[in-house]
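One chain, chain A, appears in both complexes that follow, with chain B as partner in the first and chain C in the second.
The block that comes next holds the complex of A and B.
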């Protein structure tokens, strides 16, 4: 009953946000550019190093798509509401605050994926990056888990707004970790030891690189179940962390303005 | 001279405002080092797999990152606090009306009167990486190379300012058009040698959105020595960009009728 109601509320919120963002398509296009620049840089750099390796192109085309589908902006959509106090309205509503945050997140991702699809297709055709249907299908659950991981990670860092007004610096630092250890700066197979081991065990690989590797068909050579298990483990860790920080943050927020 | 005094006074006021929030200083220091550390790490990763990146050695790439960071820090200190989100903060909120009533150049007031001194912290690690690149180079830069680098960095700063002004000027014709995210994203392309990009993108980044002039050209000049055609081209590009910015600003002001009209 609670789950059905939550899903219904999320559906309403998602529809509302999709419609609201439809008026800002020009701004959404600039967000697409923002999302694809780092993977494109990686693509150009590694294509210059390995000009004859088609796997590089295929991997980075997948990274671009995964990035578009998992982008999160809670430092803008959520933290700003803490700063201007409008989160109080959400706290008074008979529904979890996270539903609004999640609805906005999903709406922006849907728009970014739709508007960024031509970039992905263009990159794919120009690099002659062929994908197999089976690896792409297998990667879908991994992409979904990556989307959950990126949301939880960004939401977790965005809650720093309860304590500091430098939330953009905090989230920016988190994004740099994803860039470096998540497989965007370089496929983690190209990292030197011990960084390769560290990246492979960190949650960041599961946010970008792992689903891209599965979709590209290589170089991931483990079992799919192990990949999903690794991502699920980090989802559970982040859910617990988000829950704990949210409780502490809301207790802190009650003091603001009182 | 009057404009320089105004710049000094506004920097002094901004500095006093900024140091009142010391915890922000800690965050900015951490982010400056983390951001540059990520950029350097991404390039060093390449050199674990190859000796050169599109013809650029490790030392040259480090000089490029240091130069890029230097210009990004100066942009973040003197230009961004004024022109970021200009359609919203400058035009729709009416701040420009205030500038137009003051006895100084409106272009100067709108583009350089505010500053963010804490962003200058990025200079420290940037200069460190620049020094690292110079020390790692096979041979030290010549005096001519150093002078050429200084001249081209100055030209790059003028181009950076002009690009920001041109972007802000769009607000006079399309006040809802926000291209700041696009501009800051495209800026990231300057972090790597333009030689890694495909030919159409390289031409775009050289002649239309001249990111090549921001870091690649000055860095190549520092370590490989100056070439007169590059120096003349860089100075001419800066002059042309500044002229274009001033012209666009004047044309925009003629069209502007006030925030509430």
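The block that comes next holds the complex of A and C.
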């Protein structure tokens, strides 16, 4: 019953937000450019280092797609509403506030994926990156878990807006961790020790690199169950953290006069 | 069950402050300074179900903060609050479905690309309103708020008055039992403001809803609220009937008189003339001398018209804001 209602409310909210963002396609295009620049950099650098390794091209094409499908901007869509007080509208509604945040997140991702698809196809064709159906299918749950992880991580950091007006710096730092340890700056297998071990244990690899490695069919050599288990572990950790920080943050919320 | 119950409600918070100039701005990067603000100081009052209460005070008095606490948006620093027997800031779904908080400054939240009808449909879904009840409420609201021509318009394309009408419709489509109205007529023209007042009055008469209303327009307060709570510097300064406040703050009444011939000398002899023009005078006389003065005027002059009036509420309230009640 609760699940059905949540899905219904989320569906309605998603429809609203897709419509809302449809008027800003030019802005969404700039977000697409911003999202693909870092993976393209990695692609150019590592293709130059390993010109004969087709796995590098496949990996980075997958990274571009995973990045587009998991981008999160809660520091803009949620934190700004704390700053200007319009979060009050959400607090008055008889539904969890996260439904609205999630609806916006999914709508933006849907638009980014749709608008960024030509970039992915172009990169794939130009590099002759051939993907196998089976690895791609196997990667789908991992991509979904990556999307959940990135959302939870960004949402968690965005709630810093309850305490500080420098939320963009906080979330920016978090994004850099994803870039460095998540497999975009370099596939984590190419990182020197102890960075390789650190990245592999951190939640960031599960946000970008792991699903891309599974889709590319290489170099991930562990079991799929272990990969999903590792991602699920971090999902649980972040859900608990988000819940605790939300409870503390909403108590602190004081948008006086707004 | 008491509609709204507030006991010793206190709210304080810190706001960041810094001096002007680049040096202070750079300094604030490493060392931030804060100032404590006491928004509410042991505020207490009760509102019975079905009561309509005006909640007035100068800017920054604590009106909106109180309303935000009562509607569950803010957590107070201390004090006991119950609205329909619920603790508002626990924000239970069942409680939120029974209240509405409408702000004149932000009457409509959510997606601005949606049409009014889509937004109302979303409210239906959100507040679990059965389709039949939704249809009935919509018909009533369409009529009372003249919503018909707005239903297929996008929210972003509405004028301020239209947004306020839609905001009220969205808040009332689920028939809340307690209404918090924060400056509902702000920025509206005379016609729209009158429509709003009539609508709130009709809604209360039909549903028996409890209403707490803030407004800087005394016409709103005078026409809707038999009881006033006056708040200043976060403290309740007055809680009682509007007429009593008027009598307490202004020990005078106004006698408006129109007379034939030259009555200037007589009128000036009987009271303080505050206005005069071509056979019309307005006299300010102490309340306990109104009957005697009226009688003398009727005897001494060939009176065409005479009316005894309370002083304008704006002036009474202005005096309360500036001089206080103590």
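In this section, the second predicted complex is superposed on the first by the 253 of 258 C-alpha atoms of A that agree within 3 Å, B and C clash if a C-alpha of one lies under 4 Å from a C-alpha of the other, contacts with A are read in each partner's own complex, and residues count from 1 in each chain.
Following the convention adopted for this analysis, a residue touches a chain if its C-beta (ideal position, glycine included) is under 8 Å from a C-beta of that chain, and two chains touch if they have at least 3 such contacts.
No experiment lies behind these values; they were computed from the predicted model shown.
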{"item": "Chain C versus chain B on the shared chain A, clash or fit after superposition", "value": "clash"}
{"item": "Partner chain(s) touched by A:240 [first = chain B, second = chain C, both, neither]", "value": "neither"}
{"item": "Touched partner set for A:17, first chain B, second chain C, both or neither", "value": "second"}
{"item": "First, second, both or neither for A:7, with chain B first and chain C second", "value": "neither"}
{"item": "Which of chain B and chain C A:117 touches, first, second, both or neither", "value": "neither"}
{"item": "Partner chain in contact with A:137 - chain B first, chain C second, else both or neither", "value": "neither"}
{"item": "First, second, both or neither for A:34, with chain B first and chain C second", "value": "first"}
{"item": "Footprint overlap on chain A, where chain B in one structure and chain C in the other make contact", "value": "165"}
{"item": "Of all residues in chain A, those that touch chain C in their complex", "value": "8-9, 12, 16-17, 19-20, 22-23, 86, 88-95, 165, 250-258"}
{"item": "Complex interface listing, chain A residues touching chain B", "value": "26-27, 29-31, 33-34, 37-38, 41, 44-49, 164-166, 169-170, 172-173, 176, 179-180, 185-186, 190-192"}
{"item": "Residues of chain C that touch chain A when the two form their complex", "value": "13, 16, 37, 39, 60, 64-65, 68, 71-75, 91, 93-94, 96-97, 101, 106, 109-114, 118, 122, 125-127"}
{"item": "Interfacial residue positions of chain B with respect to chain A in the complex", "value": "23-24, 27-28, 30-31, 34-35, 38, 41-42, 45-46, 48-50, 53-54, 176-182, 184-186, 188-189, 191-192, 195-198"}
